[in-house]
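Two complexes, one shared chain (chain A), two partners (chain B, chain C).
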Partner chain A sequence: MNAVVEFFGRTWVRGVVLAIALVVLLVLPLVSDPHTNQTISHIAVFAVAVLGLNIVMGYTGQVSLGHIFFVGLGAYCAIIPIYYWWGGSLAEGAIVIGFVLSLVIPGVVGLVVALAAVRLRGLALAMVTIALPIIGVPLAKRLGDLTGGNEGLSIRRLAYEGSDGETYRGNPFGAPSWSGLDNDQWQYYLAVLLALLFFALAYFLVRGKFGRAFAIVKANEAVAGSMGIDPYRYKVLAFTISGIYGGAAGFLYVVVLQYTSSETLSFGHSIELVIATIVGGAGSIVGSILGGAFYVLVPQLTNAWGLSQYTLVAQGVIILLVLFLLPGGLASLPRVIRRLTGRRRGGQHVGSRERAESTSGNTKN
Partner chain B sequence: MITTVTGRRVLALTAAASALALALAGCSRGGTPSDGGETDGPAAASPGITDTTLLFGINTPLTGTTAGPGNCTADGAIAYFGVKNAEGGIEFGDGKTRTIEIRTYDDEYNPEKSASNFNQMVADGVFAAGLGLGTPTNRAWRDAAAEEGVPQVLVMTGDPIFSTREDGYMTLGLVPTYMQEGAAFGEALVADGQPHQVAVLYQNDDYGKGYVQGFKDAIEGESNIEIVKELSYEPTASSLEGQITELAATGADVLFHAVSVTPLAIADLQKVIALGWKPIVFLPSNTASPGGILTPAGVTGDTFPGVYSAGFAEAAAAPPFAESEAGQAYFEAIAEYVTGHEQDGKSFPHCVWSWMGAQILEEAFKTMTEPTRESFYEALTSITGLETDFGFGPIDTTVDGSPAVQTVVLQKFNGAGYTNVDVVG
Partner chain C sequence: MNAFGTFVQLIVDGLAQGSLYAALALALVLVNQATGLINFAQGGMAVLGAYIGMSVGNLVIPSVGPIAGVLIGIVVAVVVSFFIGALIERFIMRRFQGGDEDTSVVATIGLLTLITGLVGIIWGFNFIPYPFFFGSGESFTIAGIAISVWSLTTFLTIVALMIVLQILFQKTKLGLGLRAVADNPRSAALSGVRVGGMLMIGWGLAAALGTIAGILLAAKVQLNPNNFDAILVYALAAVIIGGLDSPIGAVVAAWGIAIIENLAGTYLEFIGHDLKVAVPFILLFILLILRPQGLFGRKRVVRV
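Here is the complex of A and B:
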């Protein structure tokens, strides 16, 4: 066991594992059935959402209970330009505008909210962040002419006028004919490749200068201040980045679902994201993927096993098991195994590495 | 040296991975077999139907805040088809007898889950889906269902889009639209012939606006009805006392109360009583329950000149229901086939509605001549004059723009329950 763990600890092995994972991710949609592709695309959406929450909660240690607001806002920013402009003179440009807006607007809103909110701490900050989805839902309904309100906007069979004046129906995220792909494969590539891009950016962010600053702010704000790191500035930065990631998840949401409504912003889903973050592993890149998988797969499995009335019970059991057995989330499983095997053998080498990893905080994966 | 070795290992493993990838890509995707649509024989069966079974999917909130009514939307059909299956199945229009398998999917009243459930239903090969509760959760997969050619039928939302016939969409609503309920009251008020001044309070969304629209359409051009004041509120409001006071000041003799939030409805009626205002009150069907709304608000049979609501099915909680033969069969079936949670079949009206929906489905099954979704949808939208166990009138699914249940009856509160009436007064 120990040898296996050590084998996978080597840098080159990790590189190869990553390369194989990438190749499998790229080839898989060509051979698997549509539902598998759709499921993985869904996981990509929520993995990015959980990653955004992780940046502010896991890495910087600030409570955010309103993250779904950024996801829903991003979804609106993505879908509205497409809904009103796609197929017209702007053509595919509407999608590009939607993508840019879905990053910029949630980012700006995150910045503005954070400027005021992060002066607070703990429960007070949690209360302020709760306000976002609570305001968001009625606001989206009030702006029903733009957002479609409770009934939402669907772009899967969007009517548009062709150059010959006839009305056509098309899906902005349908596979273009040159690709030779099915819709589910095309959406898979869009969602998974964009998600990979955002994960790569986050990986370098949390390992670099900013990541170290976030970790110190999380550990002790006074110490951070004494080292010349302004906690306020870095907390605002973390919230802003988190907002951008939420918005990106919102764009992916539209890519995968081609629908959004005011219900997307609902507060309950925000708590589900927090739970997914904890189950996956706070402050962990791999944990974000596991959190997204938890969010998507548990309801699917309970449906498939004919236990659809027990979705919440199943989620509750998993949360309790994780909290008791793996307080660091599912992502900490290899470390726990390493610690257990290391202790049994009294392995000095492994034990010291474990200590080194757990104290550095921001180098977990 | 080490780097070279490592480099070689990386190279070898990457090559192996690439070979694996190529091999995987080589096997073509398990494509769908060509649908022998051009052959002259009987039409190929749609997915989800065999010579002995049919799979029907219900995508509805089974957990979360809407779980109570959500479970009911499945329970009625589970109980109904449970009885039918135990009797050996239903004889379809093509002469074969099939049992109906219901599979439920929990959407948690979350459009995202609902859309993802639809993908799962396609993967599971459901023949048709429906009966589920909620506007956004049904809207989320409406276009997808059209794309896949899956009928999305008898959905429980007052959203008229599901009952509008449109090329490429196989959809149908079950329950009357909000507009139909509002219209039922408007028509009865007109029929009264007396002059009435109406004060309107409505929720500022599709729900409240639907009620008001139906009411206005019904009273349009009638000289005896005048709307003296209209006020709206947001669904998140915590109190409507201001609006009620303002409306009471008009001295109107009718209060049209299109409010869907239970605590607000109770507080409003209490406020009306406290102000000494005595209008005729109209309540929407979901906030008109004697036990849930009127009694807590202190309304008795003679508090107001009349408390009216609109209904389209018998209430399972009312004593006559349990005494009727159909009612007893209903409760027995619920007790026998509904498992896993505490559902008594009468806490929410949706259980009865789901039972009625199952009866409509059965009629469509009996008349569909080919084992295809198209044949099923055509049969479903050609039903006229079907009497259900608990509806107030025959089912007519042939009218574009109208859901399956169209007979909306005006009901008057008699101090304990509701009785059906024709005119206000």
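Here is the complex of A and C:
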């Protein structure tokens, strides 16, 4: 086991594994059924959402309990221009406008919220951010003329006026005929490729200058300050980026579902997103993907087994078990296995070295 | 009713509604004083307590009559909640005591999910009425102001609880022990305070207090597993504004929040009834920029 884990730790092996994973991701929709494609598209959506939460929570150490608000806001920003303008004179331009707005507006809102909220430390920040979905839902309902109120907005069969003056119905995210794809395959490619792009950007962000600054702010704000890194500024920055990622997830949500309503940003979902982030692995790129999968698959599995009333209990039990047994989340599983097998086999020397390594890893988490 | 009458009525209603927020806020303060944590599952635990009270009440009412039945239900619910709270502290939260704040926040979030899910499985997700000996609409009029029996009961209960808690923290040995444990568990232990016991008592008392809040709410609206989601948010706002270390501050802040949101909901057209919940947070944001430590809280100095 140890050798296997070590084998996968090598850089070139990781590269090969990544390449194989990419090929599988790209070929899979052509051979699998629509339900699988939709499930993976959903996972891509919420993996981006979890990644956004991870940037502020996992990498910068600030608890945000209202992240779903940015996802829901992004979904509205994406769907509203498409709903009102698509197919008219703007044609596909409406989708571009939706995409840009779904990044800009949640980013700006994230910035404004952060400017005030980030003044608080740990607990109080959690206490303020938890209010975002609680306010967001009635606000979305109040702006019903724009947001479709309780029913929400659907663009699955959107009416538009053609150049001949006739009214047509179409799906802005339906597969174009030149692609030769089905709708689920087309949406899969849109969602997964955009998600990969956002993951790549995040990868470079957290490994670059900003990522190091976030880590220092997380480890010790006073030390960060003494090193010339203003914790306030970097926390605001992390919050803003996290808002943009939430908005991006909202856009992908519209790509995959072609629908949104105030239910999207409800309090319960916000909590589920936090749980998914920690279960997947705080401060980990792979953990964000696992978190997205957890978020999508747990309700899907309990529904499939006819146990949907047990969804909440399952999530609650799993998160507590993870906190008890695997504080680094599912992403830390290989490290934990290596530690355990190393301790069993290699005797005192290897065991203590690995343990020291893992504890330094833990403080980083 | 004249304009001034409406204004006074809004304040009276706000005091009652605020008392409900205050009850949960007091529970949050209690846990924070004992453990230094914020329990995001406090609302979920309050709902659980209210359901227990309802079930026990329904069980004994046929044999002892409505008034005694409801009272027995309340007493049983409060006592059972105390033990549930203490057991949760001992077997779940103890593990995170003294660790990373963020982890304990997530732990209480997990607890909230778990408790809400359990309540949903046992009692279902539909609204259930709580058996009570006065109707939620019963009221009397003083000088043109309508005061419901519920409002008066809630208000008086909260004032009493606030006084009891303030005395507990400031004047009793138990309160001193609770504060000592939250402030510095190690030196508290060295001074002979039983740290584990204090933590359990803190959580137990908070759970009992939350249950009173749960039952007061259940007397007004029907029970539902998600009843307390929004109220938790108000209570959190109250403890941020009032300061985590001050029961009186939390209660006054809760009243203030409810009165201001009532007034804003009536007099500001855009806010209306449904957006009232935004009002305390807009105020909170302004306050955060002006006074980050809360109105009644003390400023903390952090050393490297």
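Here is the rule we go by: the second predicted complex is superposed on the first by the 346 of 365 C-alpha atoms of A that agree within 3 Å, B and C clash if a C-alpha of one lies under 4 Å from a C-alpha of the other, contacts with A are read in each partner's own complex, and residues count from 1 in each chain.
As a working rule, contacts are C-beta pairs under 8 Å (C-beta built on N, C-alpha and C of every residue); 3 or more make two chains touch, one makes a residue touch a chain.
Quick caveat, the model's predicted, so the values are computed rather than measured.
A.B. asks: Using the touch definition from the top, say if A:144 reaches chain B (first), chain C (second), both or neither.
C.D. replies: In the superposed model, A:144 contacts chain B only, not chain C.
A.B. asks: Pick one for A:117: touches chain B only (first), chain C only (second), both, or neither.
C.D. replies: In the superposition, A:117 touches chain C alone.
A.B. asks: Look at A:57 in the shared chain and tell me whether it touches chain B only, chain C only, both, or neither; answer first, second, both or neither.
C.D. replies: second
A.B. asks: Using the superposition on chain A described above, determine whether A:271 touches chain B (first), chain C (second), both, or neither.
C.D. replies: second
A.B. asks: Looking at the overlay, what does A:128 touch: chain B (first), chain C (second), both, or neither?
C.D. replies: Only chain C; A:128 stays clear of chain B.
A.B. asks: Examine A:242 and indicate which partner it touches, taking first as chain B and second as chain C; both and neither are also allowed.
C.D. replies: In the superposed model, A:242 contacts neither chain B nor chain C.
A.B. asks: So, A:42: does it touch chain B (first), chain C (second), both, or neither?
C.D. replies: First partner only, chain B.
A.B. asks: Taking the superposition on A as described, I'd like to know which of chain B and chain C A:312 touches: first, second, both or neither.
C.D. replies: both
A.B. asks: Going by the contact definition given at the top, which residues of chain A touch chain B in one complex and chain C in the other?
C.D. replies: Touching chain B and chain C on chain A: residues 134, 138, 141-142, 268, 309-312.
A.B. asks: Using the touch definition up top, name the residues of chain B that touch chain A in the complex.
C.D. replies: 6, 9-10, 13-14, 17-18, 20-21, 24-25, 27-30, 62-65, 71, 103-106, 108-113, 115-117, 119-120, 122-124, 135-137, 139-140, 142-144, 146-147, 159, 161, 168, 204-206, 234-236, 340-341
A.B. asks: Write out the stretch or stretches of chain A touching chain B in their complex.
C.D. replies: Against chain B, the touching part of chain A is residues 12, 15-16, 19-20, 23-24, 26-28, 30-35, 38-39, 42, 134, 137-138, 141-142, 144, 149-152, 154, 156-157, 253, 257-264, 266, 268-269, 296, 299-300, 302-304, 306, 308-312.
A.B. asks: For chain C, which residues are in contact with chain A within the complex?
C.D. replies: Listed in rising order, the residues are 37-38, 40, 92, 95-96, 101-103, 105-107, 109-118, 120-121, 125, 226, 229-230, 232-233, 236-237, 239-240, 272, 274-275, 277-278, 281, 284-285, 288-289, 292, 302-304.
A.B. asks: Inside the complex, what are the residues of chain A that reach chain C?
C.D. replies: The touching residues are 57, 61, 63, 65, 116-117, 119-120, 122-124, 126-128, 130-131, 134-135, 138-139, 141-142, 220, 222-223, 226, 267-268, 271-272, 274-275, 278, 309-317, 319-320, 323-324, 327.
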